[in-house]
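Look for chain A in each of the two complexes below; its partner is chain B in the first and chain C in the second.
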Partner chain A sequence: MNTESNETRAKKFGMVIDLDKCTGCGSCMVACSAENNIPVRKDESDKLLSITWIRVYRITNGKDFPDTEICYFPRPCQHCGGKHDDGHSPCVSVCPATATDYDHSTGIVSQIYTRCFGCRYCMAACPYHARYFNWWDPVWPAKLEESLSPDVSPRMRGVVEKCSFCFHRYQLARDKAYQEERDVEEMEYQTACTQACPSGAITFGDLNNPDHAVYTLKKDKRAFRLLERLHTNPKVYYLSEREWVRRAGDNYLSNEEPTGAPGAYELKGKGGH
Partner chain B sequence: MKINRRHFLALGMGATAGTLLSPLPWKLTDDASIWTQNWAWTPVPETGEYLYTGGACTLCPGGCNLAVRKVGERVVKIEGQADSPVNTGDLCGVGLSAAQLLYGPSRIEGPMAREGKRGEGKWKRLTWEEAEAQLAKKLNSLSDGKGVAALSAFRSGSVSALIQRLLDTLGSDRFLTLPSLHDSLEQAMALTMGRAPGEGVGFDTENTDLILSLGSSVAEGWGSPVRMVKAAGAKKMIQVEPYLSTTASMADMWVPAKPGTEGVFALSVAAAMVQEKLYDHIFVSTATEGFPAFSAWLLENYTPKKAEAVTGVPPAMVKKVAVAFAGARRPVALCGRGKGETPVSLAEALAVFALNALKGSVQRDGGLVKVGALPYAVAVAESEAMGEKLATLTEKGKTELLLDWGTNPFYTLATSKKAAEALASIGTIVSFSPYMDETAAMADLILPDHTHLEKMQDVPVRAGLERSTVTLTQAAIAPVMDTKHTGEVLISVGAQLDGGRDAFSWDDYESYLEESCGEMWESLSENGLWQGDIAWKKGLERILGTSQRFTFVIPEGPVALPAEGSASSHPLTLVPSWSLRISSGAVADAPFTMKTIEDRVLTEGVSHVELHPSTARKAGLAQGDTATLATPFGSAKVRVTLFEGVMPGVVALAAGLGHTAFDGFIGGKGTSYTALSGTMVDSATGFNCTWGARASLAKG
Partner chain C sequence: MSLPGEKQTGREQTGSSGDPTNKGESGLVALFFIVGLAASLAIGWIVFPKLLYSKSEQPFDFSHVTHADAVGDCESCHFFREDGTYAGVPTLAQCTECHEEVQGESEAEETFVNEYVAEEKEVPWKIYSRQPDCVFFSHAAHVTGAGMDCAECHGDIGESESLKPYEENRLTGYSRDIWGKNIAGMKKNSWDRMKMEDCGACHKETMGSKGACFQCHK
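Entry: the complex of A and B
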């Protein structure tokens, strides 16, 4: 039995995204870019080079007119916990420079730019395409450098970057809470994308804390995670009423049946390793 | 000793083990990271405490309140104001990226006069005194004031009142704004419910339980975007349009009616409600006039069966919609295709009013409501015959001088090659834009305004909110460029006009602003927002539910406007697709918003058109092909994207791209839908109500 109090127990920050509410408006992408000093390029339509820590994908159910449906998939870094949720995330496992690491006290997968030397193993290892490489030094045209936030270091050529769950916001909230000798409140630490989402599709909080909204939401019977059977144990959950959307989350073959079990939505039988 | 293979291997293994045990690999990795990163030009942003100031967004008509985050004297982020009744802490991507517009390469440095040919991009920097004197001299030298037209970003408000006053002094009545859905709605309201000057039309979507949207992009920026996105995620919706938009996909029911026939569909639903006696008998019998004639007209012309020939929607589906609409407790029908930036025909607006009235959804919670006039002390007089006057702008030789304050007509009104040429032939073009937009690029004189983050100014909101609303922009920081508030410029130039000294007697804009806002000023200056009473909740109306009389009006003009051109030369139909990621108004996207545009919409500076696989097959096109899209009004190179959600025979093109001015991050990307869309004039109002155009698509 878990006898630890919320104050002392390790946190596990995570996100629940309601795909039935998401309108694909892109506010999360812009809010993230502004919050985290994401570099801009003249041609952002080349998605191999365009950097978006959270990217909103669009999928369709593949049916013909007029039975077609679309769904948007916002994809931040999934902050994988690895097979037994012990920090062996795909990227952390392969980084030779310890530039990306798993923080056991928050569950956040970090990225330390000054340690990264750009081997890009992590990019190859990440099954979610959540990592981006800086092929050039960022150029901030005109006076755009003025709009850079001091809380996130601008990256340089030759390093990989990715979503940090706005870790700097946690640092600010934690420092304040520490001074006031209390724990960080749920609403004190929210990511920029969660804050910006107009339709309220994104919920963020501590997955271990029963008082946080995400704790209940992740157990919703509509909940699933991306590529569940890789056993990456992501901390981003998705919700959808639509069966075809849930199926799309895990590349099921047409003859496979996903289980309807609550929460994990894991395939029975063989899978993963 | 002979060296054999074994020795060689042992040596190799020894060397490997030795290297790994030595600090060499770690030293090398460390050095590698240092070598690849340590560049002097990697910026180190200055640190400091956060400071938030309030504000308001003017990048679309939505009227969202802002919380501007500053560090020192720098704006680092824009967020939505948490306690705003309009956007409750959230904001769209365009509004969020305004800091990039503020500091971006599209900003105009200061007042400038054209040197060289029009549109060549050669400028002479002026001082503000010189620039204002030049404008005053030009205006004073005009033989006839009637040749002067002015386009304003807002229909009312302090600056608009100054622009109108300037025109009055010159003897011109051509005070214009960009046409929108609300121009049609207000005229329909005048006919059905009566309307005092300044009154507007709102939709109480917060309290509705079913939205029947006739082509409106509820989830993609219709009305006040944040408010409507919330509604799209929370309310039941029925969406009528030929393209599977996000709204259509989120809706509980998608009715793919043929392009441009949404109004006819609305009438067929109304006819079905009458036929099946599904309408609100109590409301119709006690509060309305003209129902017998109107219902007879409906049943004669718009029964679901008859309408099917126009809309392509089977009668069973019409009945299903009628039953759902009539069965909901507080449903509301919306109209205005896309973001509502284009008017609908008066007949179509009347159809939607009638549909709401049949269910009693007027002047009550969750319905179509009357929005009170804004109590400005210095008010703007409403322009008569705005439609015709706007059309005059795109006729050659009718305009001697054009003033543009935030409407960018070279992008927003240039609906064909001909229209663009007519605009370019205007004698003198004066732009007040803070950004190098298409109009500023073609201007003779630029007197750049501050952006909405650098000035204090009232923002009258005309976006279908349920109550009258004005927000206030605030100066988060000192102007970044050598810009000047257009209100200030107008007061100074106005006073220099012959006979203008008395009309423009204010000391400065700020004191004028306070006077102009009248009774609203206290709330505006304190809260950054003023809201009027909810009209239908006052007095008797609150007790009786509604005291509103409604007249059913049989429209005279056509409900669905036909597209120009022949089916043989242009066999397809072009319609726009809308997205909150692409600003389709006067101001274009910022670099951050460009990031969000999908690569199925734009790649390598070329717009994609979406079409059904069967349409593509017929035209001999495949996914990714380059093609020429032509309408009777222009043509463009595009790329083909196949999408099953487009009605066969229809081509969808994302609206809001194809800017030619601005900077390298925004300009020269894709094709402007507007430039291909042409004109469809509604004879009742004179407005261009274009919903699309006939089109052809050929490989290459």
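Entry: the complex of A and C
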């Protein structure tokens, strides 16, 4: 019975990141790299070539001292659902190889490395720069190879990779749930970045499940999503008390009124996703 | 203007084949064609598959029948761990529970006890059903969730008295059981092949859809 609901009830995994709590420490990036076998380069400071599935951006309000404010913006893959939440995500709709697809039962956008042939069309389509290309075969420093996770397949040269919401953790949690004939619980499936965040800024769970913390948080009046006017319908929500941060989320011009834009943060909280 | 001229040359050629000497020639060409085709087919279907797969023996022989008689069922040795993952091939520690001393007189038993149990060395079994790196296969979902029988994918391995040689694809490094014994890819039984197509076909049949990529990929 429970195993059946495991299969049939559609989940929509998503994340809520409280930007007012984020200190920009980068623990999420480190935890993610370790969890997902992300290759390291000799010169990691070259951000054009290095790979990271969750990047912490720094934005400022552009004002002079003493009014300067800084906000750190962790950006994983947004796992866009598309305009009508039908899986018409920017990357999925352009992939000529079906190497990336939208899972309607979890809402996760996949990336299958063995299927990808590296045309990088998805990278061009993604408005969030969440996708990265492997220009080289991964080389790990000696001994580090032994610490790779067997639950995540390593990528080869010539393919695109991106955040998977640590989907392998869901696979493993489901294994246990199957054996115990029950559903996966909220805390059993959490992403590596969520658990690593020292200030507890990241919350992860099923956006469709009223018992999960993200369900209430996404309806918060501080909540907004990145580039909402593109109708990509991301599953990553951000929270901030600060008006200028919320404005930056959709890249509004200084003379532009966010209320007019469809799907702008003001419209949030009316029950829509 | 050149078109009719070409046509004429064509006609001339067809006309000349009626010539008795040329008839023998074309017969020879046809013969060579048939012999060549037969040779290519033979190379493609018989020689190439033999070259494609390398054969190797398991470290020592093993009888599933003998063990199934002694322990009862598959689950005694191939079980689920507490966290829901599947243990697969038993570890040395499990085998040692019974095999601390040599039992019986078989050569395999002697090799096992002397070379592995005594040395405390794990047996480097070659796994026939090992899937590629990018595949996540959940035994829990299939056996516990869907109530499938081991034999549906693994066939009658549980009734085998000795282990077949392990065949590895020289190009991909995968076990031959993934593509299947039939080089043309034909299958009679559900356990003849273990390709993505086969997973997809069964999922489509039983669940209505092949499922999303991340259901079985990692």
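Throughout what follows, the second predicted complex is superposed on the first by the 252 of 273 C-alpha atoms of A that agree within 3 Å, B and C clash if a C-alpha of one lies under 4 Å from a C-alpha of the other, contacts with A are read in each partner's own complex, and residues count from 1 in each chain.
Just so it is clear, a contact is a pair of C-beta atoms (placed from the backbone, for glycine too) under 8 Å apart; a residue touches a chain by one contact, two chains touch by 3 or more.
Remember, predicted model here, so these are calculated numbers, not experimental data.
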Partner chain in contact with A:F167 - chain B first, chain C second, else both or neither: second
Partner chain in contact with A:P154 - chain B first, chain C second, else both or neither: both
Contacts of A:T216 with chain B and chain C, given as first, second, both or neither: neither
Which superposed partner A:G62 touches (first chain B, second chain C, both, neither): first
More chain A residues in contact - chain B or chain C: B
Touched partner set for A:D175, first chain B, second chain C, both or neither: second
Touching partner for A:T114 - first (chain B), second (chain C), both, neither: both
First, second, both or neither for A:D103, with chain B first and chain C second: second
Intersection of the chain A residues that touch chain B with those that touch chain C: 113-115, 153-154
Chain A contact footprint on chain B (complex, rising order): 29, 32-33, 36-39, 41-48, 71, 74-80, 87, 89-94, 96-97, 99-100, 102-105, 107, 219-220, 225-226, 229-230, 232-234, 244, 246, 249-250, 254, 256, 480, 579-581, 591-600, 602-605, 612, 643-648, 663-665, 669
In the complex with chain B, residue positions of chain A that touch it: 20-27, 29-31, 33-35, 37-38, 40, 42-47, 50-52, 56, 58, 60, 62-66, 68-72, 96-97, 99, 113-118, 137, 140-150, 153-159, 195-201
For the chain A and chain C complex, residues of the former touching the latter: 3, 6-7, 100-106, 108, 110, 112-115, 151-154, 164, 167-168, 171-172, 174-181
Chain C to chain A touching residues, read off their complex: 80, 83-86, 132-134, 136, 138-141, 144-145, 207, 212-215, 217-218
